[in-house]
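Chains: A, B and C, in written order; residue numbering restarts at 1 for each.
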């Protein structure tokens, strides 16, 4: 755990701890919903990577934008989303963030600057860069963080947009969550050379940080967002982390690409929540009992939200052709002739 | 709080899991994370961990069984005996059981009258479980003030009866099932269950689609949508076919004079220019026209016209409203786009689909298209009866005497069938007699 | 006041007017600034608006398309310049998976107000990768609007409407028409989407034509008039949304129709419009609806071959004549 800086106060630490626990609680419940066949489709668990989303998003304001990925629940929670609307979205209910039209892989929460998860690997790299162009062109102060995994570094789009972001000095931070696996393949088998060197080739300052250390991630992001606002962007961060589950919830048999021993080691030795909890106790910021109270409260919140979402109503069938076009109530009517 | 142990969805497209073995015994203490049982799916065995602390109880599935994903297979309780759960039926998480479907051929309430929505069951001639043959009378139904016997339609056994004597049942509803095998427990109940719900339809087996009962249904002939040909199909454009039908022209005659197919609208002119006498089969010519007369009370029509005129602020002509009724009646017997011509006091007007404009709003149009139907308003004339014949188009003539209107419907026999002519005349008369029906 | 200006100038004026009106509008694409695009459509804009709003990009179509989507989601109204319509295939993910679906996937929370202006049209001897007319491919994607101006007048009015629309709009300009002049009012005007224009009244046959095919149809109509066949020419102007009613009304009147578009004939714009006529005016048809699209081959280079692949006025006249006389174009 990195050394604490005095400017952090207890409230910040507590919030970071809570947000990480909230992500874990959300994912545990989402996993249960899948396992018990109560959730349509499937989903990708963020558990294990909490310090990345929380460390970064706690350095951002609501005005700052993020783009997220198929493994996006963590980003969404960390950026301030509400459990109920998220679970409703996961279950395809009308009160979901996207009225049930997006589901797990497309949750967008405009109110907190989340421009949406994306089911195309690397699909949001252009969007994040474009948001940064908007900020610069329109004289706005916001910074955009583009979350993506190590797998997405194999997409050509990234090199195109990094090039332009560097040419135009855009306030964007490319945050690569390297969890060691590109779906079912070890990252070292799909990535030649070093990832940081790829960004550096465009003259972009690149950093490698321990993605299990929420304070280290947060401290670095604070510095980089500040520098982005001063026109020094873009930046690249590689965050070393680990996903506890498979590529998706149904990826149970994964011995062929990684061992149970490896998983156990990350979970016991490097868990971002356990370790940060210990540090809070060591620093006498919190007691073990206080942390248990927090854990239990959040767990109850999550379960209540699940119950709520399970009972919530599905969107009315009439919504199926709504939101195809902005400014058009029902697309089918419109497409048959505007008059 | 007890927690259900559920057969998990493990693979990408998995419906069931094969329970290989339990790693805990009923009553044994478990902790979250303990291996609870082993499942085979996608050709691989997998261990499933307990999700909470407690005691394994209420195990409903033994090793060796395929279990649907999502089904509860056990409970992790706070006590070893599992009594913590109140009424505690660790029932599989499935919908309440539906009454078993009855296999067999469905018998539905037949459509017996011209405009019949329901049929009143007078009596059943067979009891549940009794054998029947197709021609046996199954039940007696009252409709249009007449009792009719309905045959079973299938050989077999009465496996279920879903409506009782004295009940009025919507046409098309399943009222019985006839099974090939003798039913073990034949079913009988009312169409209106005690809880007020609609009668449930027995789950049909794949081979048992609803079949309309034979014989007693009078066959209502719709106006033939295409022009029949003895020698096979006549090739003509959709518009040419439509106009030929509306104008009572027989495209077969073009075939006979050797005109080249496919026919277009222009060819209809050739057809019209052919003298009727040269038609090789004069027996089917216009002489054989159909004629139906009807008599209705004029009171409702008169008050409707008075009300409409004051409501709209301008006088509404009787023939306009008659055109609307005529169009609606003709549409009800299956016509598509309707050009209605009215003739009254020496003035002709033509309306396109007047029934879609609403009463009092139909506006005359200019068109060369021949009318689908002519309405002649002869009220106020000295004419007391019409039998003109020889028209190419169906004609509805309306005569008035006192409070009574006399309606005559004449159709060339090659345009509408007898049944349809009757239906047209009756539909028109009903609308004149009861204009509210049109408004609704 | 109305003057005659080229289609190129009309597009330029539309963009300039909207950029003056709305500071969130900017242009982005390859060689849009000093070069003003290879067709010189955007010449002069960088002088007025600067490189901050007329942004030259590297040759990275997916990259700048994606950037435009993100900018549109965050308060900007980008106009993306895609040098050739053929490059649409390079931007398909960003256009069809991102821009087109974002509003829907977000349940209406996010909007993507962007314009993708690109071109279409063969017979410039540019061969298979610089000559395609890909409007049908874009029109197939729910969430995208598609405009196809047929003259300078339409080009200006439709462009201004597109820039103000809150959705992704793709505009196809026929590259052979950039120098074609037409009367364009000096006063501001917009052309609403989904309103077809009846370019010529007729009674015997309806010619539905898009973009430069409107000229082909009008030329055919003039020839047919001399033969006593009265052709009605309809320009849908936008194919998404499509003004179905104007087309259906016309066909109900004339009983015959030919649909002309320069995209490949199979599974194309002509097929879609013909199908709608069939569904909604069947009993008024006195002849089969004829599709006239580009031949289903990659566009060849040799002029001797290329000219065979596109619909021509002569071809339209021949087909119109046949179906008006009750002769067969295809098998009975």
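To be clear about the criterion, a contact is a pair of C-beta atoms (placed from the backbone, for glycine too) under 8 Å apart; a residue touches a chain by one contact, two chains touch by 3 or more.
The structure presented is a predicted model; accordingly, all values stated were derived computationally and were not measured.
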item	value
Chain closest to the middle, measuring from C-alpha centroids that were averaged per chain	C
Which of B-C and A-C has more C-beta contact pairs	A-C
Chain centre separation (subunit A, subunit B; CA means) in Å	53
Distance from the mean Cα position of subunit C to that of subunit A, given in whole angstrom	40
Separation of subunit B from subunit C, taking each centre as the mean of its C-alpha atoms, in whole Å	44
Junction residues of subunit B, two or more chains touched	none
Sites on subunit C at which at least two other chains make contact	none
Contact set on subunit B toward subunit C in their complex	235, 237-240, 242, 261-262, 264-267, 336-337
In the complex, subunit B residues that touch subunit A	4, 6, 8-12, 14, 42, 44, 46, 51, 69-70
Partner subunit C, residues of subunit A touching it in the complex	65, 67, 96-102, 106, 108-110, 115-116, 118, 120, 123-135, 137-138, 140, 144, 156-157, 160-161, 163-164, 167-168, 322-327, 331, 334-339
Subunit B partner contacts - residues on subunit C that touch it in the complex	255, 282-287, 326, 328, 332
Residues of subunit C that touch subunit A when the two form their complex	23-24, 26, 52-53, 55, 57-58, 60, 62-76, 78, 93-94, 97-98, 102-111, 113, 142-143, 145, 165-167, 192-195, 240-246
